[in-house]
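See the structures that follow.
After this come two complexes, each holding chain A, first together with chain B and then together with chain C.
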Partner chain A sequence: MQANVKVVGDTKKSFLTGNEAVTWAALAAGAEMMFGYPITPQNEVMHYWTRLAPKYGRGFLQTEDEISAGFTVCGAVQAGTKAFTATAGPGNVLMQEPFGMAEAMRLPLFAVIQQRGGPSSGTVIYSQQEVALTTYGGNGEGHRIVYSTATHQEIYDYTIKGFNTAWKYRFPTFLLGDGYQAKMREPLEMYDPEERGIEIVPTYPLLGLEGHIGENREPQHLCNIYSLEEELYDVVLRFAEEYEKISPELIEYKENQCDDADIIILSHGVVSRAADDAVKALRAQGIKAGSFRPITLRPFPQAQLREAIAKSGAKKMLIAESAYGQLDRLTKQEIYGETIKIENLFKPGVGIIDYDIINKIKSML
Partner chain B sequence: MALVRIALAGEGGQGVQSVAEILAEAAYDEGKQTIYIPNFGLEQRGGVSIAFIQASDERIGAPKFNKADVVIALSERAVSRTATYSDSNTLYVYDSGFKVDEEDYPREYKQIIGLPALETANKELHPRVFNIIIMGAVIGLTNMVSFESAKNALENKLGHKFEKNPELRDLNFRALEMGKQMAEKSLQEGGAK
Partner chain C sequence: MITPAVPKSWYLPSKPHKFCPGCGHGIVLKALGETIDELEIQDKTIFGCDIGCSLLSWDFFACDSTQTHHGRTTPVMVGIKRARPELITIGYMGDGGGYSIGSQHLLNAAVRNENVTLILVNNTNYGMTGGQMAPTTLPGQKTETTPYGRDPELTGYPTRGPEFLTELTPEGAYIARATVSKYKQLRRFLRNALRNQMEGNGFSFVEVLSTCPTNWRTNAQQTWRFLEDEMEPYFPVGELKSPFGKGGDK
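And then the complex of A and B:
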């Protein structure tokens, strides 16, 4: 492995697709191995990785399906290998089994999800319909960290950060993009993380450790079978406690002109770009709008959103998403008890532009 | 430069996406904010291929748009597919080599422009530079990038082919120039009406 060879030397401006940005960032973060199975619109992550990886001594394996791709990542990270996968749509459905395993075994798995419109044979285009699946899919409690990106710069930044988060906290970590972000080209700055003072969290094997159990080290329990209900109960409660403890350091969000807002637009991912444009246009027309965007969908910035509502005194909130209420449900469960009036702009599988949001806001006034 | 939004549509193989990519690269090289996104649905495999391009001096929001400043439809099917992107501010361009029934025109438009790109390519240049004529036309209609930047972007993209066959360079640059002039002429004529 030549994982320490500098991938990106001096910071350089680039004009890339989101899938390319993922690949370069994974290389720059020192990812050693990708396991994957082809699916649109993430194919190019694999495509570029297989082209670039050999130049930097990194590995790739195309598995027989997505279940296998997820589990091979689970295996590789236990050996201390910085491994990842990328998928979309029905691939994300199949990977919920290994993702659930990673959650239950606290494995530092990192996966990139480029959302597409359901069902499995549905469209290969854009959607935001994998929010529920990525945050709470699987037979577990959603002890996951999910970054929802909006720009190619963020794709690059959060791919690097995603690996670090996974290895620092040992909760499975996801970068949630979509078909638009995967396929479009826009400018971004690529940089060497260490040049920016970003410390790369070292990987470490979880199994096959040095020494002898009982003599000079404790046993390493990576339990995935529980014969007693109470045993599992204790473990899940402990994970929940740890997840809640680290949540404040993980939560990220962006707030735009909420201080004096009469109305708050809540959106995530690529839709938040249109929301910010809408705020600008509405303010120019004398309408006091603000926008709030969770970057981490898990853990959700619920205290921060409650605070934005409280300090602005806004009476109304618009939740806009390219899905039929997935962000809406997530938000409502997080801010239970708030009395702000919530309206929706749901466009499942369809892009949302500033014009759509502006019209909707005006209809709410 | 204020935001320019362009929808380019044609049949697979007409080079719509290549031209869109080169135009977007040219805008990016000029230091503009630029977004280019192809449609990549199943229609890509045997249907109308559309490229969405946006360039601006300022940050660009959503990657797609409802209405374009310029729509270019390069086949009959592309006309009906793209009419939805036209409104009263849109320059709606089609290749005059195929006939468009007036009822297929978009309901709203600023000007409808038929350009003899295919004919010019076939008779005066070479069929393969048809898309470069269209690229020139986009520049003539929008001034989205300078002519020099467009030439540089072509050089970056096709330089390795030009090295092997320098005549290709001349052919491409002439196509670019002819497309630009064709578009500028049609704008003047439209303005005079």
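And then the complex of A and C:
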């Protein structure tokens, strides 16, 4: 492995697809292995990785399915290797099983999800319909960290950050993009993380440790099943406690002109760009709109959103998403008790532009 | 009190083990422990077990161990081996995990000639979940989901794993079927399967015919009779593919 070779030397302006940005960022972050299985719209993450990885001594395996891609990542990270995968839609469904294992065993798994339309095969194009699955999928408690990106620059930044978060906190970590971000090109700045003062969190093995068993070390027995109800209970409560403890360090959000807003537009991912444009246009017309965007969908910036509502005194909030209420449900459970009137703009599997939001806001006034 | 000799690679705090009386897992794991000792690979062995009865071995060895389910032990072992080729990876699973729910992993790991060793225990039923039909249940055999006996017209014939894996694998792979009734042979096959991985030849697989008196509802005599007289004729024991050749495994 030549993980220490500088992948990106001097900072450079680039014009890339989101999938390409993921690959460069993963290389720059020192990712050593990718396990993947073809599904649109994430394929080009693998395509760029398979072209670039050998130049930097990194590994790749195309597995038999997404279940295997997820479980090989689980194996590789247990062995102490910075490994990742990328998927979408029905592939994300299959990966819930290995993601659950990563949750149960606190494995530093990092996965990129490029959302496509659903349910089932849906479309190969775009949606925000994998919010529920990525945040709370599987037979667990959603002890995951989910970054929802809005720009290619963020894809680059949060891919690097995602690996660091996974290895620092050992909760499975996700970059939640979508087909638009995956496939379209836009300018971004690529940089070497260490040049920017971003410390790369070191990896370490959970299995295959140095030393001699019985002489200078104990055998490692990793397990994700328990005989007694109370054993599992203790484990899950410990995870919950740790998750809640680190949440304040992890929560990220963007707030735009909420201070004096009469109406707040809540959205995430690329839709938040339309929301910001709508705020600008509405303000120019004398309508005091503001926007709020959770960057981390898990943990959710609930205190910050409550504060935005409180300080603005806004009476109305519009939740806009390219899904039929997944962000809406997530938000309502997080801000339970708030009396702000919530209206919706749901366009499942379809893009939302500023014009859609402006019209909806005007109908609410 | 006489303490029986146990392999050095066994983890003593987890003994006595958790398997039912008369279960074959203990014999397989003893043979595996002795083989790990003989090859002196305890420190670099990663033992991975699946869900089902094989799960009860999660803390069986004084070796670094991990655990998953649904036959996903195969891709977990593949991930570990690809990440750290110097480690010796041993996947341990049942016939349900290997031949049914995780069969795509087994098949594709074999096709890719992954340099891992997999041990699959065939006891002709899903033991842990209460004795349902497995891919290996014999025609006419009664289980909880075939209470009138397995009808091949309805559910097909038992899976012969080593036979199909022999067809799928390239030269260099090691494929064998052993039985807990022939201990020395079992030891030899396990040794070859691990040697094969250590030499980097590729995929190594040993199916072990085993016993399940709890779910078979058999006494000691009937248990052994079912293994030797019913199972072994249907599932022939021996090496199906070996890079070591005849007599090369001494």
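Before moving on, here are some points about what is shown:
The criterion applied here is as follows: the second predicted complex is superposed on the first by the 354 of 365 C-alpha atoms of A that agree within 3 Å, B and C clash if a C-alpha of one lies under 4 Å from a C-alpha of the other, contacts with A are read in each partner's own complex, and residues count from 1 in each chain.
The rule is simple: a contact is a pair of C-beta atoms (placed from the backbone, for glycine too) under 8 Å apart; a residue touches a chain by one contact, two chains touch by 3 or more.
Predicted model only: the values in this text are computed from it and were never measured.
Superposition of the two structures on chain A shows chain C fitting alongside chain B with no clash.
Of the two partner chains placed by superposition, only chain C is touched by A:Asn224; chain B is not.
In the overlay built on the shared chain, the residue A:Thr63 is in contact with chain C alone; chain B does not reach it. Using the contact criterion defined above for the overlaid structures, shared-chain residue A:Asp262 touches neither chain B nor chain C, since it reaches no partner. In the superposition on chain A, A:Lys183 contacts chain B only, with no contact to chain C.
Judged by the touch definition given at the top, the superposed model places A:Ile353 against chain B, while chain C stays out of reach.
Touching more residues of chain A than its counterpart among chain B and chain C is C. Of the two partner chains placed by superposition, A:Glu252 touches none, neither chain B nor chain C. Residue contacts after overlaying the shared chain place A:Leu209 against chain C, while chain B stays out of touching range. Residue contacts after overlaying the shared chain place A:Glu338 against neither chain B nor chain C. Between chain B and chain C, the minimal CA-CA distance in the chain A superposition rounds to 28 Å.
The part of chain B that touches chain A in the complex is made up of residues 21, 24-25, 28, 33-42, 60-66. Chain A contributes residues 32-33, 35, 59, 61, 63-65, 67-68, 71-81, 83, 97-98, 101, 105, 205, 207-209, 211-214, 219-225 to its touches with chain C in the complex. The touching residues of chain A, counted against chain B in their complex, run 15, 40-41, 123-125, 179-181, 183-187, 270-271, 273-274, 276-277, 351-355. The part of chain C that touches chain A in the complex is made up of residues 8, 11, 42-44, 46, 48, 51, 55, 58-59, 61-70, 72, 74-84, 87, 104-105, 107-108.
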